[in-house]
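You will see chain A twice below: alongside chain B first, and alongside chain C after that.
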Partner chain A sequence: MANQKYGFIISMERCIGCNACTISCKSYYNLNPSINRRFVREVEETLVGEAKRCHISTACNHCEEPGCAKACPTGAYTKLDNGIVKHNQDRCIGCKMCATACPYGVPQFDPVKKKMDKCSLCVELLEVGEETICMASCPMEAIQVVDLNETETIGLVDRVNGFVNPDITKSTTLFKLPDATHTVRRDL
Partner chain B sequence: MGKFSRRDFLKGSAALGALVGVGTGVGSSFKKTKKVSAAGNTKQVFSACPRNCYDTCSIVTTVGDGTIKFITGNKNCTYTNGRLCVKGYTYPNYVYSPDRVKYPMKQEGRGTGKWTRITWDEAFEMIANKIFEIKKEYGSTLPIALNKYSGTFNTLSYGIEGTLSSIGYTTRAQGTPCWPAGIDSQTFDFGTIVNSDPEAMIHSKYILVWGANPAWNSVHSMNILQKAKENGAKVVVIDPILTDTAANADEYIEIKTSTDGALALGMAKYILDHNLHDMDWMRKNSVGYQEYLNYLNNNITLEWASEKTGIPVEVIERLAREYAAAKPACIWIGYGMQRHTNGGAAVRSIDALAAMSGNVGVLGGGANYAQLDSWLVNYSAMAMSPPEGSGGGADRMININNFPAQVLDLNSGDPNKIPIKMLWVAGRNPIAQDPETSVSYKAFDSIDFVVTADLWFNETVAQSDLVLPISSIFETWGVHASYWHYWLHINEPAIDPLYETKCDVEIAMGLSKKMNEMEPGSCTYPTDRTMEEWAAMEISQDFLNSKGMTSYKDLLKTGTAKVEGYDAAWADGVFRTPSGKYEFLSEKCASFGHHALPVYVEAKEVPTDRPIRLLTPHWKYGLHSQFQNLSWMQSVHNEPFVEIHPELAQKKGIADGDMVKVHNHIGFVELRAKHTLTVPKDAVVIYEAWYKDQKFNVNYLVEATPADMGSCATGQAGLAFHDQFVNIDKL
Partner chain C sequence: MEHSFTLVLFTVLSQLAIGGFITLFFLDALKGKLSPKTSQTAAVGVVVIGIVAVLASLFHLGHPFHAAKALLNFGHSWLSREVIFFAIFIVIAIIYLFVSKTEGGRKKIVAGLGTLFGILTVYSTAMIYTIPSMPAWNNGTTLLAFMLTACVLGPLFVQTISGFTKDTFIDCSRYTTTIIGALIVVNLLIISVAHGGSDEAVATGLAICTSPLFWIKAVLYVLAFLISGRSICNSNLKNTNIATILFVLMLVAEFLGRIVFYATGVHL
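Then we have the complex of A and B:
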């Protein structure tokens, strides 16, 4: 399977902001308790019309022009042909330059290893035909990892109001925005 | 590799997994195989979550070198489809948390934190001596009280009740804070609680989620709702709060808190007026329908319902029309909406709406609240006889929902009252969870000896003399059922017990051994069974027969099996009421001091000096006082907050993020304000939780106000947790 380009598609319609993805990932990779590879953030309540609770769940966005890779003084980051931005912890000196450069704040400093840490897109699982941990764990099935070269993206967007502008580093994550919910509110 | 489209995404899980390779998902690598890996030191076992939760998940635990490596859901259970919730995924952190109670310890002065490690033998002797001392002084064990509830719903945890039963007649915290008003309602209407299998919601055309928040409290049902929606069902959420469940629904209706009965009656009136009701069903299956229909005709108008609920007449009309036209239409009655002084009456009105519209007993329909029919277990760890010659005559019941005040009354020095001298707390954190926290502290102060069995040094443990370390579910056996879905799970130990922890039944056996050594015949708890034997005894023959199993070992093969026959509750038309029919008019209900019909009962009046309603629902990162204390959970959230509508906040001069004081006549809480448009303008919302090393406890603000119902089925009325009123000021 040549020329794969892996990337995330997040259904904000399905996401309930529960962080099951964050915690299952943390568990599988036995991360230091203080750091995470996924991030669930609240977004503007009026994102899609009448106010309601809205969340955005992301990990590393495996950018086309990754800021981390540009900033890293030791060349620990590589943008692979399969789309994954790979972090080589052996080369990492924990200088946190990548954390500063990444507009999403993705790379986290592991206080025990004294090195940076971020989402690997579970490449070792993908390679044996398995789902990523976040994808398999999400109780709402809101997370997909797809081959973006083979994926019809109609109805999906690359940007969400209030979230980081994807043009900065050419993020590859795509979103399905929530549908509007018709709300009947009390008139007080 | 096929093309991926939006349509595929909308179809949901059918499209998932096909795009990243040939695998069937991570589940295949974590599928239960029982196979020892090449390394020879990895195994997978079935566990089950014992928390007080709709979803009660079967778990596959991967163990390497005697250590839990990862847990995931059990795909053999179609309800969870191999996925857990955020709380479940924290279990490895829970098990290996350095904060666990590791050894039996005694405290020198309650609340001092001066704990000394002692041996189990010393702990048992301390407890036994206290029991003998009390027996000698009072001639019975009635001065010993048990406060246990829902910290663990492993059916073997009923061994806690068994422990107390095996030493004599004791005082018990009776009832349930959670759901009793609604249980009584359904007991009066249907004869008991039986909900349709939640997996059958997929067949529904119209789903009213009424005062439930599955996005936070039943994520697997939330996924079913999502799929039903994608199948074309309309999902409507009725709630005072625009929850995450409401945010994922087609429509959200904000109802004035505690007026749910008026909406149900208004909808029924519209259905009756427009001849959309199911007269045939009522004639065949119910009693009292004519009286009910007369009540609707004579007492209910849409204008009245609108006035009560704050929902416009045309919206009530549309809801009623849609609900009656969609066949089948399902109602999920949440527990939140019955935690009111009129909550039981409201549930009866909703039951009646489902029944009169012909939605009872049909696939994809129902007035779904809860069930216990799937609990095909023997409660063998619980059923113990008192020792021969025990004094006291019978257990003494005191109200779990006003426990501290009742303890203080018994301990007031009145010579006619048998006091509480010793308290056994297990499977519960009453100081965190009981209302009127200040009174809880006083009640504990009035008791000579408090022993608490727990995993964590929580507030209740802090007010105890002795703490007993409890093993997690991964360190013992269990048999677990849900009060919502119909799966029965077995739980085998994944690892050896850490430190010196024991499960509740092992504690009972240890205490029994010690007591009988000291005074032969003083405790009846059997001491000669392994935990595996206790688990085996728990599974009923009825269950094994229904599944074609010969022993519990068959259940170990899949970890879980479903009790069948509940796709549509009450489909046989055989109700468990005195009449055998659905009872719109219930004499039994009247005999408990309520109206025989599902009439409207006025909501509790808002006090003029405390005009802001306080709602304290469940928190998404915790279950009562569990989970939010864990370091993994702290990494995503670690600060309590109060949700306030920006309009109310503006009136009070409170900016987003300000520290505020929420207060009333019994207490106060200080925390950060969070502006949100998703809460009512006349209420504030604080989620109940235990944050480690933080003073926060919302129950300082909650009065022990009884709900209207609960005493028929559970012995005590419920708690009106959501009829609480406060003021709020910027600090």
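Then we have the complex of A and C:
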């Protein structure tokens, strides 16, 4: 796993906001009904200067400088060599500081386990060469999990309207903006 | 923030205990102005309030019985540092109970160390909340507000205790008036800074200004400032009864202010 840096690439061109990623993740990990590991949001229609309905599907951004890891008093968060920010629930005492410190508000409090919960980037599936649950369930193939060290990132951006400034914790999630030429020209 | 009332209790009570101990350092260990009975009673009060603060903070956790794990990330987490510094502070305050009747260097060293760890605790508490994800908190006003809470409640607490122990009244009216004035200025600063910040900071500023609790706190501040200011030039008002009234007013004001702090923080 050395020299790898896993991260998400989200195609805003493809995402239709169906929430299949959120639901399949929730189902696979048997999450408490009150929490999610993925979030699908609608973002500004004027994103690329054209009227177009856009969505972004995000989870933990597996930041280079994770705020959750700095805030956690028990050291439950670890930035692994492969780029994944791992949450060790055995260490978690449910103080919720990670949720406050994460600019994206990603970690969520599981009211049954009384511990925090967040995306693990399906590390156990990646390790055996399988796709993450969100990636496999997306009908539009809008979600990719890639090795960012081996992926061409030209044409991808790390910031879009509706997504918190990635400079704060150096988010690794990248976005493919919708192609403006695909906009329906209603006047024609 | 969710479940924050326990944090309100912890932060205000810990700052009260630390302020009270620092007052003991100056008035008892350095200047010897307090009777042994007053310093002992105040030191017991500091320890009890400190322990109550710790117990209150445990209820914030999902797993209170695993609270000791919070010591593990001292190298990175301000919360770990706060827990460790405050634990050391309480241990020193307990030691002070035994050395407070003695004279000389040992008492000063213990009180000095307690003061140092108390200040480190308040600093760590403030740094926990000085984070980019909470734009309105991410500036020096958080530290200023927390430090001033300790500065105002501590001396008033010791003055109140001296009233119960029938000790000689120590006039702190100029100091108290100055600190309450500083608190009023810092609160104006908090609102001004918030309104000049990002959308989330502006939302926090608006939420503060529209909170009834904030305005009750503001009235209590002004009332305490007027009473304390009046007592500077009126010797009839220089007594422990007035100090006790000021202590109650400021304690309630700080509790309300801290509730507003947690309730109005808007996340990115």
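Criterion: the second predicted complex is superposed on the first by the 178 of 188 C-alpha atoms of A that agree within 3 Å, B and C clash if a C-alpha of one lies under 4 Å from a C-alpha of the other, contacts with A are read in each partner's own complex, and residues count from 1 in each chain.
Please note the rule applied: a residue touches a chain if its C-beta (ideal position, glycine included) is under 8 Å from a C-beta of that chain, and two chains touch if they have at least 3 such contacts.
Not measured: the values here are computed from a predicted model.
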Fit or clash between chain C and chain B when superposed on chain A: fit
First, second, both or neither for A:I9, with chain B first and chain C second: first
Touched partner set for A:V157, first chain B, second chain C, both or neither: neither
Partner chain(s) touched by A:C102 [first = chain B, second = chain C, both, neither]: second
First (chain B), second (chain C), both or neither touched by A:K115: second
Which of chain B and chain C A:I93 touches, first, second, both or neither: second
Touched chain A residues, chain B compared with chain C: B
First (chain B), second (chain C), both or neither touched by A:P73: second
Nearest Cα pair across chain B and chain C, whole Å: 16
Chain B/chain C common contact set on chain A: none
Touching residues (chain side chain B, partner chain A) in the complex: 1-6, 9, 12-13, 16-17, 19-23, 25-29, 69-72, 80, 82-86, 89-90, 92-93, 215-216, 219-220, 222-223, 226, 242-256, 310-312, 315, 620-621, 631-637, 647, 676-678, 680-682
Residue numbers on chain A that touch chain B, as the complex places them: 1, 6, 9, 11, 13-14, 16-20, 22-24, 26-28, 30, 33-36, 40, 45-46, 51-54, 125-126, 128-133, 135-141, 144-147, 150-156, 176, 178, 181-188
Residues on chain A engaged by chain C in the complex (per definition of touch): 67, 69-75, 91-97, 100-105, 109, 113-115, 164, 168-169
Chain A contact footprint on chain C (complex, rising order): 1-3, 60-63, 66-67, 69-73, 76-80, 83, 128, 131-134, 267-268
